[in-house]
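Take a look at the following structure, please.
Each chain carries a letter (A, B, C, D, E and F) given by its place in the written order, and its residues are counted from 1.
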Amino acid sequence: MNSSDIVFMFVSTSFVMFMIIGLALFYGGLVRARNILSIIAQCMICIGLVTIIWILYGYSLVFGSDVFGFIGNLDFLFLKNVGQDAGPHADNIPHILFCMFQLMFAAITPALITGAFAERMKFKAFILFTFLWSTFVYFPIAHWVWGGGWIGTHGGLDFAGGTVIHINSAVAALAGAIAVGKRKGWPVEQIKPHNLGVTFLGAGILWLGWFGFNSGSALAANGVAMNAFFVTQIAASASALSWMAVEWKIHGKPTVLGLASGAVAGLVAITPASGFVSAFPALLIGLVAGVVCFYAVGLKARFKYDDSLDVVAIHGVGGLWGALATGLFASLEVNPSGADGLFYGNPSLFVIQLADNAAVIVYSMIVSLIIFKIVDLLIGLKVSPEEENAGLDISLHGEKAYN
Amino acid sequence: MNSSDIVFMFVSTSFVMFMIIGLALFYGGLVRARNILSIIAQCMICIGLVTIIWILYGYSLVFGSDVFGFIGNLDFLFLKNVGQDAGPHADNIPHILFCMFQLMFAAITPALITGAFAERMKFKAFILFTFLWSTFVYFPIAHWVWGGGWIGTHGGLDFAGGTVIHINSAVAALAGAIAVGKRKGWPVEQIKPHNLGVTFLGAGILWLGWFGFNSGSALAANGVAMNAFFVTQIAASASALSWMAVEWKIHGKPTVLGLASGAVAGLVAITPASGFVSAFPALLIGLVAGVVCFYAVGLKARFKYDDSLDVVAIHGVGGLWGALATGLFASLEVNPSGADGLFYGNPSLFVIQLADNAAVIVYSMIVSLIIFKIVDLLIGLKVSPEEENAGLDISLHGEKAYN
Amino acid sequence: MNSSDIVFMFVSTSFVMFMIIGLALFYGGLVRARNILSIIAQCMICIGLVTIIWILYGYSLVFGSDVFGFIGNLDFLFLKNVGQDAGPHADNIPHILFCMFQLMFAAITPALITGAFAERMKFKAFILFTFLWSTFVYFPIAHWVWGGGWIGTHGGLDFAGGTVIHINSAVAALAGAIAVGKRKGWPVEQIKPHNLGVTFLGAGILWLGWFGFNSGSALAANGVAMNAFFVTQIAASASALSWMAVEWKIHGKPTVLGLASGAVAGLVAITPASGFVSAFPALLIGLVAGVVCFYAVGLKARFKYDDSLDVVAIHGVGGLWGALATGLFASLEVNPSGADGLFYGNPSLFVIQLADNAAVIVYSMIVSLIIFKIVDLLIGLKVSPEEENAGLDISLHGEKAYN
Amino acid sequence: MKKIEAVIKPFKLDDVKEALNEIGIQGMTVSEVKGYGRQKGHKEIYRGAEYVVDFVPKVKIEIALKSDRVEEAVKIIREAAKTDNIGDGKIFVSPLEKVVRVRTGETDEDAL
Amino acid sequence: MKKIEAVIKPFKLDDVKEALNEIGIQGMTVSEVKGYGRQKGHKEIYRGAEYVVDFVPKVKIEIALKSDRVEEAVKIIREAAKTDNIGDGKIFVSPLEKVVRVRTGETDEDAL
Amino acid sequence: MKKIEAVIKPFKLDDVKEALNEIGIQGMTVSEVKGYGRQKGHKEIYRGAEYVVDFVPKVKIEIALKSDRVEEAVKIIREAAKTDNIGDGKIFVSPLEKVVRVRTGETDEDAL
């Protein structure tokens, strides 16, 4: 037990919790005024519901002893053996603290997905979806990477969740955008963000929280953690600027939404790499992230899926770029318990990253689609056109955000 | 001195300070647009004024050597003997840090009360009230529980302020709602929250800050602190869901305000228990809190007191439930320096909790009522009907929040 | 290396980063609704651009080995020799962590300036300005005080940046207000804050972040850091109250903007002193700050420069008062590695403070004016009247904050 | 048919609506406006600068109705909106040539 | 000249604007209003208190136009704004005596 | 009596108000509206999507006044509101049959 590490993980965990609040604001500002509360409600469900299923069985499925490389066993069911003493996954902090840090990751992941079907999904359907998706998609994949499953053991690197969280949620987002269908009027009507100040505040909270997200993934207040801290700042800054630059060039004006989106894209891209790459690779990862994610936003128009808040473009494309960049730029000098990447003489890491992420994408896509299908059959996914017109806040929650 | 604990308490103290900002937003979003600044002004008075009287004499009255079990002596008047070295109440951190952590509790407590007489109280009256109430109600009661006074020494448990802060403020809130009188139009007119996004942000900041509030009350980065951290998350989540569920059942729709109110109710209820109970009792405490506080909101309609933002229902009823639940579920296994509760074979703790809280309620009610009476005589409590119509922001502060 | 200090500096750095978000909100709420995004964009440029130039050469210019007392050398160019091990300026934390903490100071300083020319400056011009000003003003002056330059070595005290950050930015703000010219309609038209709730939230985040700003400047979780923490709270509280009091007396009403402005003034004033003075001098520093800064706001009307958001009055006058107060109240008892001030028998410190700050003011004024001139020639500083009428958000960024 | 436009104090809206309902007038369109008149504005203070704000928040009610109901409606509105303070507002009556209900296409008095 | 005021459902604004454009009517002034009529309001819930909100968000379009274009315009608006549900709104026509274009000083039909 | 409705650029409101005050017209009701006309809208960009926004923010002033003051008032408004750019706005004059002051019950010209 190390009391500095306890403080460090306490702070990091708190920051990640705060990210979910930030995410609700980031998304909430981007929808129309009549739907902001529906976004917030979904994010609160992610916090509330995932917390409960996590302590009941989720933590055990992810971090219980490995079963066939696929899932954890029931050692920690109902928090059995999870107490104030250190647990098997981190000998420096109380088991409950490790459990809680990991909980925050489990909670934020379905919240990320909500951006894809914003402004039209039934609340009841979302609750059921969150329950099923956490259980059958998030828990297995988190186990694969961090819980002793096949990806982690055969050498795939994902420092803070590029694959587990961002790619995974973006794949589910794509499935959701397709399954739930388009918003009324999209893409013809002008559907504009209703409060970009709120979106900026959300992005700011996300940025702050990401320090805990990435650094905390070192599980100790050491040099690797501080490396993650440093490169997170660099990649986010670089990506904000590069998104702005390309947008300025193409649309003639640099927008705040572009700067904020770029920052988030950079934060996403550096996530898997943050404990393995140094400052200048991080700069490059950020610069590229801003550009590719900017262009990726155009995909939805081309392929006609209404990914309302661009989860696929930012978390999917950004996350994938980050995962592959980890295969390129990872360095044992930064983190001796990591690996060298392609540019440090080890092409195999890149191949592993490619293969792992492909597997996650396929698994997540198939199971997410099945889950959406089931929810559709049981409850239906989309609100009625009248409810959509009136706004989900009034229709589903009987409230208006602004009076 | 332990430098990890210094960092831990630095963070916890900062988080609690941030809670007061969060509270101002939580309340500010719930009032009408023309009164948000009056809420903010009151919260800033709580920070500013209480800080000053705390360093002058408040800290000494609470934490000076005990006088008859009732109040602290003047050992620390004007911060005499309060410096960078450790003090008598915590040997692991600088005395000034302990003093500052406790200050934040003293500052947030009167801020909680403001919800009861929101939208109608004179600002000057509020300032005088805050001064008197802190001095004659908060300081003694905090001394009783934490400063060496009769409650703490005879074995009553209040880990992070369920009694001192929540019940105490809610009793004063009830006194205030009665003393100041109803808002014009209440309960006939529709008086709706003007910005639920702001309220949600406030709730999110409260949730974050509560981690520091509860965990920090361990005064060290140890297992008990992390237990408090963990159960805080669990109770808040459970209570958000249970409030939502009962509201959904009764009113047909699950509201965001319900989710947020439930979360706060759970945070309140777990406060006194957080260092003494484990995860599943916390789950239960949260589930029950959401339901009882939901129903308690209905009391004001029945008994016709205009507790505008439901301080009594959430902090009073939630706090009382938490204090009693501590008597039920506290366990020496969680915290060897606590006690066992009824369900762990020690019914006496429950009785103590009952008695202690009854005493606090009686004391707080009587002295609060006297203070409101005095302020009414000296200044008057309520603004004129014209001022109320125009809104306190314009009437009292010469400002409008939105232009 | 000390892992507690790592955590402490991680938190402090994160808090200072969050301050920039808070600043954007503080300023953003004060401008008209059509210009909030332009404020946010400028603050994001400060984060993004300064981060990049800092890792390229800025850090080296400030903290590289001293050259003639004026600037750092190129030892750390492109982060050469800046890694996970401790660096020369702090042996207790990783070099990259020290580098990142200092980065945040470099990033927030130009953001402070933006308040002076809010609502009318060209975005492209601002980007160029930020680049030039950081390079030719901030980096040298930061080196003088903290990097081994002439001010630090001959004994001038500036604990957390009163001179380097606040006075420096305020001088540039004055230069900017003059160089860019007045807003259309100023001072005849009513130009009112559009959202004081947002401004309050920003002030609250600033207050929180300032704990990291001041305490973190101790670079270790020790008694001096906690002293800074404590006096920061006291000065901010006192200043909020004293600004309110004088405003109440003169204008008949106590405003929330006054309370928030007073708090910021107090935070500014305590900044240079926070590691050197104890609680009661801090109380005095705060009380005086609220009053002098209140009156200083009137200067712009008298001298007819449109310092839109009062950077000169709050950061300049407040910072200067704090720097001089450090010369009066600094005490070796608080910090043995500081110095005694005038009231502790050492008048020379006061003289040094006076001289140092005069030098900084002169240097900053001259070079800032030159930079504004250059930018004016290359790009032009001010938007067209049509762009100003339409609002910078639409004109420069093609966005509206509120839809 | 006539159109009545009444500019009243915002917090009187519900009273006016109720009063009109009672005499069977149940359609109206309401908007938020700012009024300028004899009623003194208030003072606002921002960082020491004092502003006198002349514009006062008001609510405008528009009612289309049969000509023979105008007098009664005006009276009812006046009674409900009155506080006997300056700034209580004004009622304007103007001619209306045609009314059409969008949904059905009914016109004039059938459309009310 | 006449003035048409149409109170319609907010999400129909674009359709109406397009439809009017097509028949060459290109000037209009739009405001957000709240309507009260037969259309039932919705229920809102705040901390357990249930409110019935009678006022429904609507958009008001004002168009000044030549008298001989009124009939056509009313028809077009009706068609574009119709959803066949209660609350589709109303169209009001009233007399207009004079129009002046601020920029040029042109008056009446030249000013449209 | 007549009613003048003027749709002008928002930042001209104070000038118009002052100008009217100077000729002794001191009552008016103001609302925020959106205008659509010849004035080109602006481009907005959100995550790469470009929107052309046709609706331009305007302010509408309503003034009830004696018929014989209309000409003067229109002239004054025109002068004060003019910037000589497209989109300066329009002034509409329509008949007004009755005015009542809520507070006193005074009617017509006494009520102005």
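Everything below uses one rule, namely that a residue touches a chain if its C-beta (ideal position, glycine included) is under 8 Å from a C-beta of that chain, and two chains touch if they have at least 3 such contacts.
Keep in mind it's a predicted model, so treat the numbers as computed, not measured.
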Path length in steps (a step moves to a chain that is touched) from subunit A to subunit D: 2
Chain pair with more C-beta contacts, B-D versus A-F: A-F
Equivalent interface to C-D, taken from A-F, B-D or A-E so that over half of the residue contact pairs match: A-F
Distance from the mean Cα position of subunit F to that of subunit C, given in whole angstrom: 45
Geometric centre distance via CA averages, subunit E-subunit D, whole Å: 18
Subunit B and subunit C, separation of their C-alpha mean positions in angstrom: 34
Touching two or more other chains - residue numbers and ranges from subunit A: 3-4, 7, 11, 192-193, 195, 201, 251-253, 255, 257, 397-400
Two or more partner chains touched - positions in subunit F: 31, 43-46, 94-95
All pairs of touching chains, each written as two labels joined by a dash: A-B, A-C, A-E, A-F, B-C, B-D, B-E, C-D, C-F, D-E, D-F, E-F
Residues on subunit B engaged by subunit C in the complex (per definition of touch): 3-4, 6-7, 10-11, 13-14, 17-18, 21, 24-25, 28, 36-37, 40-41, 44-45, 47-49, 51-52, 55, 78-79, 84-85, 93-94, 96-97, 99-100, 103, 123, 195, 198, 201, 393, 396-403
Residue ranges of subunit E touching subunit B (in the complex, touch as defined): 43-51, 53
Parts of subunit A lying in touch with subunit E, wherever the complex brings them together: 185, 189, 389-390, 394, 397-400
Of subunit C, residues touching subunit B in the complex: 2-5, 7-8, 11, 15, 32-33, 192-197, 200-201, 204-205, 207-208, 211-212, 215, 220-227, 229-230, 233-234, 236-238, 240-241, 244, 251-257, 259-260, 263, 279-280, 283, 334
In the complex, subunit F residues that touch subunit C: 11, 14, 42-46
